[in-house]
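So, here come the structures, one by one.
One chain, chain A, appears in both complexes that follow, with chain B as partner in the first and chain C in the second.
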Partner chain A sequence: MTNHLGDIQNSKAIIIFGANPAVNHPVGFKHILKAKERNNAVLIVVDPRYTKTAAKADLYVRIRPGTDIPFMYGMLHLIFKYGWEDEEYIKNRVFRMDYIKKEAKKWTPEKVADVTGVPTDVLIQVTRAYASNKPGTLLWAMGLTQHSIGSSNTRMAPILQLALGNMGKFGGGCNILRGHDNVQGATDMCCLSHSLPGYYGLSEGSWKYFAHNWGVDFKWLQNRFATPKMMHTKGFTLSKWWQGVLQEEKIYQPTPIKALWVQGNGITSVAQTAKVQQALDKLDLLVVAEPFANEAAVITNKTDNVYILPTTTQFEDEGSVTATNRTAQWRSKVIDPLYESKTDEEIMFTFAKKFGFYDEFVRGMMMGVRNGKAVKVKDTFKWPEDATREIARIIKTIGLTGWTPERLKKHQENWHMFDEVTLKGIGPMKGEYYGLPWPCWTEYHSGSPVLYNIGIPVMEGGMGFRARFGTEYEGENLLAGPFATIKGAKVKGGYPELTKENIEKVLGIKIPAREKAIMGKNWKVDLSGLIAKYALQAGVAPYGNAKARAYVWTFPDKIPMHREPLHTPRYDLAKIYPTYPDKKDQYRVDTKFISIQKKDWAKDFPIILTTGRLVMYSGAGLIERNSKYLAALEPEMFADINPALAYKYGIRDGDMIWIHSPEGAKIKVKARFTYSVSPDRIFLPFHFAGIMEGKNMSKNYPEGLIPYAIGESGNTVANYGYDIVTQIPETKAGLVRIEKA
Partner chain B sequence: MYEYARMKFYCDEDRCIDCHGCEVACSDANELPVGIHRRKVITLNEGIEGKEFSVSIACMHCTDAPCFQVCPVECFYIREDGIVLHDKDKCIGCGYCLYACPFGAPQFPRDGAFGIRGVMDKCTMCAGGPAPTFSIKERELYGQNRIAEGKVPMCAAICSTNALIVGDAAHVAAIKRARDAAKGKGAMTPYGWDQAYK
Partner chain C sequence: MSSLKELEKVKVGRRSFLKMAALSTALGATGLNAAPAVREATCDELKDPYPGSKKVKTICTTCSVGCGIIAEVYNGVWVRQEVAQDHPISHGSHCCKGIDSIDTVRTAKRVKHPLKKVNGKWQRISWDQAVNEISEKMLELRKKHGPDAAMFLGSAKMGTEQAYYFRKFAAMWGTNNIDHQARI
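What follows is the complex of A and B.
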């Protein structure tokens, strides 16, 4: 999220692609309603389904799932045609927008209408409304990301914003709504298989930086891997870990996955639940650590070596969490852990002790910085404060240096002293933004509420785009133009990211030799904090000021290109806009693209499937289905179906139906009539579990722990299909066939 | 000048997003049996483009309450602040009040006349009932008495978009007027977050 929820109140136009905040972010949605109320903002909702959010929209666009790129190119076609783009902004702050312009020229309203199903007059009306009301903000969530072209979708949306000059503006930006408590924090800590915490990657330099900060020997870390190469190899993802067990597609590690540890994850929340079940059955060992019985232990037929460890809830533990807008919030413990449940960290510490690396595991919390080096400064640690200090000490990439436990606690205690629209503190909190939104460069920095805003000084949260990819490409300058000077900066226009080597030249200063001696190689690993200090003194952000790249030479598609979903209802279009070639060794497993799409699935599976959430449940519904009042609101799994479609199959409202996926999986659910879906598609919520392909698995729950509501997992029939870069599953655009049960 | 507040609910259809937060908060706070809806969000024209809207409805605590008028055993009473309550010890569960009520507020527990929630159950605006304030009997028969604690009723306290507001009619009207006056005037929050949720 480049801006924050309160800032949406500054927007004059709000366009939402594949997000349903009225359902998934009800409290955050208030800011959107206030923007409408107080700012006369135009609310535009682009969604395959008429959602609760759409019910509050001024303009609603019923789009065919998986065609967001053509729709946005259609908007850009009109924007460039009528000169609605921000030329000066593009010239100074965007790299190779001309490539986008060229592609957009092809996407005439008629062509867009054919591909997306959106009438030309609606496209024109929406584009005009969005381009003529500035600042405009663009929101998205899983509806944009969970596609085989999800990564391209997430590039297309910022490009639209860049063309209009909406990035780095109050009331503008790309506001990506995170779906759960602390998901942003989990992402920032890279609880993922492809990077070290703070997006440091897996290179040797990164590992060495972390080894130094954890007070452990690099060789020792390396020896914990089977081979040194494994240390730098991405692991399996949540989307396709099951292939590591089943090996139906080729895997790239010496042995299959034999044991699975699930802690804090609803395993039925990604596609292919039937495959997940098969993989669980085949494991040697399954451990789930959750406050509620995780579905992983329920949907499996495994009868031995399944362990359920009770963990505490957020009320029984303390520490910082990160909100969707990059702000930290300190959370206090309300009660001691109930019964035999243990906190997450206690389980992890016990695990580390048992496996003999406890000392190395916790040493980082006892370290501090002396003369630019991380050294052990004490013999004990205090949870969670010292963990927070460790994070602040190490993570420079996204600027967590300022997140000391003392500051975060002060914000928690004084939260009434901040303004919701600007996040600005008043009284004792003056000069800081609520939750110190990252980047918070130093312990005296304010935090940055709106990313890439060159209109305010760096000390008040200003910055340009990060200069991450060098200073030039194919002879073209990648740094920001002369008119993109950050307010109050001593350096005019663009400049490269700061290193020990270039800092004096870039900032035009002289640094004493004793300081240079303790300075880190570059701003990302400078434990001394001197680079940040001198950067802030010069009014510049340590990470440089570059152009945003509309053209990315390292991606499979240099500019976002439309590619039909793997299972497309428009086989004719798959010929024109084919998907990618199959990909070898994608997160240690082969992934199919074109070999799926080359078949015309729509012949046998003519109905589009899209999935989403309901207001009373979140994720796999582990927690909420255990609440009788929430479960009573939607006690049964269902499929939303248009009466006109149902009629074709002799289905009446409330009838049980079978839904079949191209992979051969099926679920039995109740049909629910609604006009929110058009007759070519159905909608499934994905919160249910406990019934697998018609079979009730509830005997697998520990005694007395069957939730009030169980049901088929919608993801059992979510199709095969994964993003080319991230491997996120394509749950939002699939095909199914239905029949009356 | 008036001596007492006149308590009223107001639900803004432009803000209500059918999240059911008020319903669940009410049921949970007052430990209602599942199926008793002191408050319910009603959505009309669900899924129909441009026509769908939602509103949260409970007992509206009418000034001239029809339930009060028709009750054969006169179990209803109206407090000085306008909150309409009833005495479950007097109520016979006949359902006349349901005939009279324009909002479908009266609820009838399935566990019979002598179950934990008694005969007829309805929104108390979180003001308890005729049993002694904060007594176990009041808690079990009528639910929380947040008004006596100086707190806002649970439903409005939890409302995610502040569509639902409750309080002295003059205050409710003032909030609504302020919202109407703010329309089209741009973002504004001169105070801290305790004011922001207005």
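What follows is the complex of A and C.
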């Protein structure tokens, strides 16, 4: 989220693409309803399904899955045609919007109607409503991301916001609703195969920075890897790790995957559950550390070398958690670990000892900064506070320096002293925003509730766009224009990110030699904190002030382009808007694109499949299906089907049906009649597991641990298809065929 | 009110007997020794069935909104859950999942001890056995096939410190085969 939930109450227009907060984030949705009530905000919902969120909308757009880019280009077509864009904003703060304008010109309402299925008058009505009510905020969730063009979708939405001048404004921004409680925090910590914590990447420089901060020798760390090269090679992902075992597609590492270690992950929430099952069966070792009987250990037919380790919930532990709006909240421990459960960190510490790297593992918690260098400063550590300090010391990229355990605890103790709409503190909390939303540049910084807002001083959370990609490209200036000066900044307009070399020149100051001597090379690795200090004194953010890039030269598509889903119901359009060529070595495995799309799947699989959540459940549903109350309210897996479609197959409400995927997987579920889906598509929730392709696996649960609700996993029939950049599965736009069971 | 002795001092009324029955796991045999005589509840007890309980502030573990929770803890047992009326994001609201947070510890379905599948049957094992066997097997695979033979799937359900440490765990094991729910 660039803004925060309370800030949505400042919005005059709210447009939601592929998110259903009324069900998935009900308390977050309250802020949207308040915007409607108090601000008379217009609510627009763009979704393939008439969701509970859509039920509250002023304007609902039933879009064909996978066509968000044409729809947004259609909006931009009208915006540019009628001059509704914010010209001054674009000139000063956006790089190459003219490329977008050119592409948008092609997307006439008629053409958009053909591709998206949205009538021209609806597009015009929506665009007019959204463009003429400012500020407007744009929300999305997995409905926008889980596509083979998911990464382009997530670029398109900010571009729409940039065109209207809605980014970096109260009541504006792109507000992405994350799924789990700490997706934001775990993402920031880069529990991800392509980066070190804080989005530092996997370059040698980054590893060296972390080695230094962990108090370990870089060579030692390098020797832990198979080869030095593997240290810098992105690993397998949650989406396709199973190919590392099965090797049906070529893999790029010296060994297949033999051991899977699952610690807090309902792995049935990715597409191709049948493949996941096959991979689990072939493993040498499966370790599952969870509070509940994770279905990874259940859907497998593996008979040996499967372990389940009892792990606590977060209520039996302490630490910080980052909400969807980048605020950190401190969780106090409610009770001691139950039964024989161990906390997640205890499990890691125990095995680190066995694996022989415990001392290196925990040393970072006993370190501090002296003269700009990380050194060991004490002999013991206290969990989790010293881990929080370690993170604050190291992670500069997103500005976590200010997140000390003391401040976070103080915010929790005084959470009643913060305003809902502004997050501003009162009384002793004055001058700080609740949860110190990152970037929180220093231990005395306020936190930043609205990203990229140049209308407020940096010390109150203001900043420009990050100058991350140099100062010019093909002779064009990438830095912000003269009218994009951050309020109160001593530097006018744009400026580059600060380094030891340029800081004096950019800020027009002289820094004593003894300070220069201990200063890090640039703001991202400056442990001395001096760059941040001088930046704040000058009223500028350390990371520069640049233009946002509508045109990205490093991406497969320089500007977002429409490409049909791999399994498209419009084979005719796949010829005009084809997907990418197949991708070699994407996160260590080949991934197919065009070789799937070149076949007309819709002939045999004529029904569109889309998936989502139910209000009683979240994720793979493991937690809620083990609650008898929630499970009792939603006990059974089903498929939402329009009666008109059901009629064609002789299916009645409540009948059991088989759903078949192009990959040859099938599930048997109950048909639920609803008009929320149109007759060309069905909807599946993805929270269930425990039944695989009609086979009840309940005998595989440990005794007494069968959840109160089990069912077919919707993802068993979610199609093959992955994003070109992130490898997110295309679960939101697939094809299936159905028959009465 | 933390020790058992103090608890024994409490005269047992009808309500507190029921309470004790609920607490019997924590109390063991002691709860059963107390006579189940009914008496009038005191004024304090009428106002508050859990006198001396502790109210712990914490955050919901379901979605990313980050609603506040007030957990009432009595003698180490989470007895009641309240909405946080004064929390700046949730303001006393909870959804059906959040209000049921207490069930994550109250449910009978928690994994209670380490388990191992042997010849298709689940067996209870000790932590020591689990740790020894798993680490032996992991190290054997590492030696034979290299560190990339392992895949670590971490979690958006971990706290930030834990997630950071999980990333470090994979790094020191020697692989970038680590991922979590944010990928999807």
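The definition used in the following text is that the second predicted complex is superposed on the first by the 741 of 741 C-alpha atoms of A that agree within 3 Å, B and C clash if a C-alpha of one lies under 4 Å from a C-alpha of the other, contacts with A are read in each partner's own complex, and residues count from 1 in each chain.
The criterion applied here is as follows: a contact is a pair of C-beta atoms (placed from the backbone, for glycine too) under 8 Å apart; a residue touches a chain by one contact, two chains touch by 3 or more.
Here the structure is a predicted model, which means the values were calculated and not measured.
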item	value
Partner chain(s) touched by A:L192 [first = chain B, second = chain C, both, neither]	second
Superposed model, chain A: greater residue contact from chain B or chain C	C
A:V491 touches, of chain B and chain C: first, second, both or neither?	neither
First, second, both or neither for A:I511, with chain B first and chain C second	neither
Touching partner for A:M231 - first (chain B), second (chain C), both, neither	second
Touching partner for A:P26 - first (chain B), second (chain C), both, neither	both
Touching partner for A:I594 - first (chain B), second (chain C), both, neither	neither
Doubly contacted residues of chain A, that is, touched by chain B and again by chain C	26-27, 30, 415-416, 418-420, 615-616, 627-630, 633
Footprint of chain B on chain A - complex, ascending	9-10, 22-23, 26-27, 29-30, 33-40, 50, 52-56, 60, 415-421, 426, 615-616, 627-630, 632-633, 674-677
Of chain C, residues touching chain A in the complex	56-68, 71, 73, 76-78, 84, 86-91, 93-98, 100-101, 103-105, 107-120, 122, 127, 130-135, 137-139, 141, 145-169, 171-184
Of chain B, residues touching chain A in the complex	14-15, 17-21, 23-24, 27-28, 34-35, 46-50, 52-54, 160-162, 179, 182-194, 196
